[in-house]
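Down below are the structures I want you to see.
Common to both upcoming complexes is chain A, partnered first by chain B, then by chain C.
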Partner chain A sequence: MSVMSRILAIDRRMIFLFIGLGTAVPLLWPVNLPITVTPRVEAAYQTIEALPEGSTVLIAMDFEPDTMAELLPMSIAVLRHCFRKNLKVIAITLYPAGPGLVEPALRIAATAEHKERNKDYTFLGYKSGFQTVMIGFGESIRQQYPVDFYQTPLDSIPIMKGVDSYAHIDLVINLTASSAADYWIQFAASRFHKALILGTTAVMATDYYPYLSSRQVLGLVGGMKGAAEYEKRMDLFGDARRGMDAQSLVHVIIALLVVLGNAALFVTTRKAP
Partner chain B sequence: MRISLAITFTVGALLIALFFIPNYQAQAVNAKILEWATIVYAFALILGSISLWNTHWRKVKTQREGWPYSVVTMTALVIVTGLGVWQGVGEGSLVSRIYNMVNSPLASTMFALLAFFIASAAFRAFRARNVEATLLLVTAVLMMIGRVSIGEFIWKGFPGFTEWLLDVPNLAAKRAIAIGVGLGAVSTALKIILGIERSYLGRSR
Partner chain C sequence: MSLVETWIAAFLTLCVFSFLYRDNPFYRFAEHLFVGAAAGYLLAVQYQNVILPNVWMPLTSGTRTPLSITLAVIPAILGLLMLARLWDRMAGPARWAIAFYVGVYSGIAVPGYLQAQIFAQLSDAVKPFEPGWGAINSALILLGLLTVLAYFFFSAPHRGVHGLGARVGIWFLMIAFGASFGYTVMARVSLLISRVQFLLRDWLHLIPTT
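Presenting the complex of A and B:
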């Protein structure tokens, strides 16, 4: 068997080994590869940066553990930015498994920026029904969420005083791994004319590019790369930047494998009678 | 059948009209209908749970292949639902701990495994067998390298080039697809409201 034929018939466990090493090595020894902040992430950053101190931001973190590798570091970076700017943060999730991720994200970001629950931020918890909640917020947040995640009535939460609908919210941020983003665009941005920023997984990001040029979405943070760019903009070295080293190496390994596979195929088919 | 069609037409037409009527009374009606929607969602959840139970119960009863997994599913459904109803799902509750210690790592692991399978599949499937496949292959490799930090390390212009690919050819195609999907959704909705499309009612006898 020639070398080229051996490459074509490579055991998939070898590929798994390359990928495993490509992921583990940079995570253990980070290289801190260069990261350029793209205009979409810069736009998201600048939208938050432009808000005056004390503005109210609604953050919907609509994701579950399967996509937490991309969206959790993104959530922490965006939350930390809001806290640094002294914005009032109202967090919700429209996914049943969301609270288990939103809570630690809020806790990590709040601890890092020395913020307190109920005074600087609140977590309203999970509510079912995308459209119902989004349209309902146009009427009354209290109708949708009479109490927060910890069963505290909204009227007893200091930062919720005078906040009861989109009219009292300055910016909506949706960090999602699903079509929830489509509904936020339809309702929060288009129907209630709220400024909207999206954070999505990498595979979804390009679906929302058209909404950036139509200004229905003011900024877009896409995948781990977007999160790493946001971290860089914030001068942080978090999980996203650490993860980008691993992602870079794995992409290179896959690209090399693809090129090698095609070269081997080309040589073997030319040799064949 | 006629009653179902009449309900569909009335509710569909009413909701479209309410979307465009800013009057407060119209919006109050809209809010009330949305409350009903929440109740329907809750019932859908119950229906889904019953359906899940029935499917797995049949599997266990007939001892079909993989039936022990069905036992695990049913046990988990009963225990987690029971604990949630009994103790709540707040911070520190048993449901919250089960979520953080079982569900969360399992879901992450499942997704993490994808990287290995995608790498293996890419090696075998990305073959330049014709012009279209070659085009896909070249674009995929360029995007894979250009969209990560190492791309910039290899060539300064790489990120800019991939940005152009995303902003020009990709965006044009995405817009075309979005317009097509939008028109398709409007046409399907109209067909349902006007009773032309009736498959959602089930097979007529």
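Presenting the complex of A and C:
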């Protein structure tokens, strides 16, 4: 059996092993490869940076544990940026398993930036129905969420004073792993003309590039790479930056295997006749 | 996470990873546990967040007015009618609820979609070219739009100028698929990195905590 035939017959479990080692080794012995901040992430950063102190930001963290690898570090970085800028943060989630992730993300970011619940941020919790909530925010936030996640009436929450619809919100940020982003574009950005920033999983990122060009979305943070860029811009060293060495090495391994596999197939099929 | 929770999470992660070697009872145990737990959790959350505040509470507590009762009862009946499809005799009335849902959803979705996804994108596609090097981007976007539309125009054979445009359109599509696939690989690798990070940091304490 030739070398090329052996390459084609390699046990798939060997590939899993390479990928596993390619992931674990850089996490154990990081080299901290350089990360370049792309214009899309820079635009997201600058949009938040440009908000005056005390502005109100609505952050919808519409994701669940299956995509927390990408969106949780992103959420923490974006939340910390908002807190550093002394913005008032209203957090919600439109996913049933979201509260279990949003709550700790808020707590981690708030603790790191010395912020207090109800004074600097509030978490309204989960609400079912994408469109009804998004349209409802145009009418009255209190109708959608009479109480917050901790059952505190919204009127008793200091940062909610005078905030009851999109009219009182300066920026909407949607960190999502689903089509919720489409609806935020349709309703918050297009119908209610609110400035919108998106943070998406890498799988979805390319779908939303056209909205950057049309300025319906002012910034786009895509996947773990985007989160790592945001962390770098914030001068943080979180889970996303920590994972980028592994990301790069695994990509090299995959690219090599693709090239090797195709070359082996090309050579063996040419010899066959 | 407490020590016990960390060990349970690590055990279940390893159970799922064991599928990479081959299918086995540990993997199936984790899979079935996940499906059951997810279904139970979803049911409990929807009950707490939808049925209780929107149906049960308005009917049993607080200030009850004919309007508030009607607004709770009618959606509840429509919701129950959705389940009525399970019985053949009730299949007709079940369609009323679906018709209502389709009507309302279309009313909400169609204008929003047209406004945000069609008109705004068309307006962006035909705007004047950006100055300087940005003009190249604008030209590429316009060329991509026209050639991909040419590819998807099937009412005329792909010959001559139309055929040439369609072939260029295929190239644009392939580049878009390639970029999308690259991002997909990155997303999947991110999921693996997160799990390995959890195992090495939270479970085995081999890497420092963030």
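Going forward, the second predicted complex is superposed on the first by the 273 of 273 C-alpha atoms of A that agree within 3 Å, B and C clash if a C-alpha of one lies under 4 Å from a C-alpha of the other, contacts with A are read in each partner's own complex, and residues count from 1 in each chain.
To be clear about the criterion, a residue touches a chain if its C-beta (ideal position, glycine included) is under 8 Å from a C-beta of that chain, and two chains touch if they have at least 3 such contacts.
In this text, all values refer to a predicted model and were calculated from it rather than measured experimentally.
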With the two complexes superposed on chain A, say which partner A:Gly243 touches: chain B (first), chain C (second), both, or neither.
second
Just checking: does A:Leu175 make contact with chain B only, chain C only, both, or neither of them? Give me first, second, both or neither.
neither
Using the superposition on chain A described above, determine whether A:Gly261 touches chain B (first), chain C (second), both, or neither.
first
Between chain B and chain C, whom does A:Gln151 touch in the aligned arrangement: first, second, both, or neither?
first
Is A:Ala110 in contact with chain B, with chain C, with both, or with neither (first, second, both, neither)?
neither
Chain B versus chain C as contact partner of A:Thr38, first or second or both or neither:
first
Return first, second, both or neither, reflecting whether A:Val252 touches chain B, chain C, both chains, or no partner chain.
first
Using the superposition on chain A described above, determine whether A:Phe187 touches chain B (first), chain C (second), both, or neither.
second
First (chain B), second (chain C), both or neither touched by A:Ile10:
first
Kindly list the residues of chain A that each of chain B and chain C touches, one partner per complex.
16, 19-20, 23, 66-69, 97, 128, 131, 135, 191, 202, 206-207, 210, 213, 225, 247, 250-251, 254
The residues of chain B that touch chain A in their complex are 19, 27, 30-31, 34-35, 37-38, 41-42, 45, 89-91, 96, 99-100, 103-108, 110-112, 115-116, 118-120, 122-124, 126-128, 137, 140-141, 144-145, 147-153, 159, 163, 166-167, 170-171, 174-175, 178
Tell me, which parts of chain A touch chain B in their complex?
10, 12, 15-16, 18-20, 23, 33-36, 38, 64-69, 97, 99-101, 103, 128-129, 131-132, 135-136, 139, 143, 149-151, 191, 202, 206-207, 209-210, 213, 225, 228, 244-245, 247-255, 257-259, 261-262, 265-266
The chain A residues in contact with chain C across the complex are 13, 16, 19-20, 23-24, 27-28, 66-70, 96-97, 126-128, 131, 135, 182-183, 185-187, 189-191, 201-203, 205-207, 210, 213-216, 222-225, 237-239, 242-243, 246-247, 250-251, 254
Residue numbers of chain C touching chain A in their complex, please.
20-21, 41-42, 45-46, 49-50, 105, 108-109, 112-113, 115-117, 120-121, 123-124, 141, 176, 179-180, 183-187, 189-197, 200, 206-207, 210
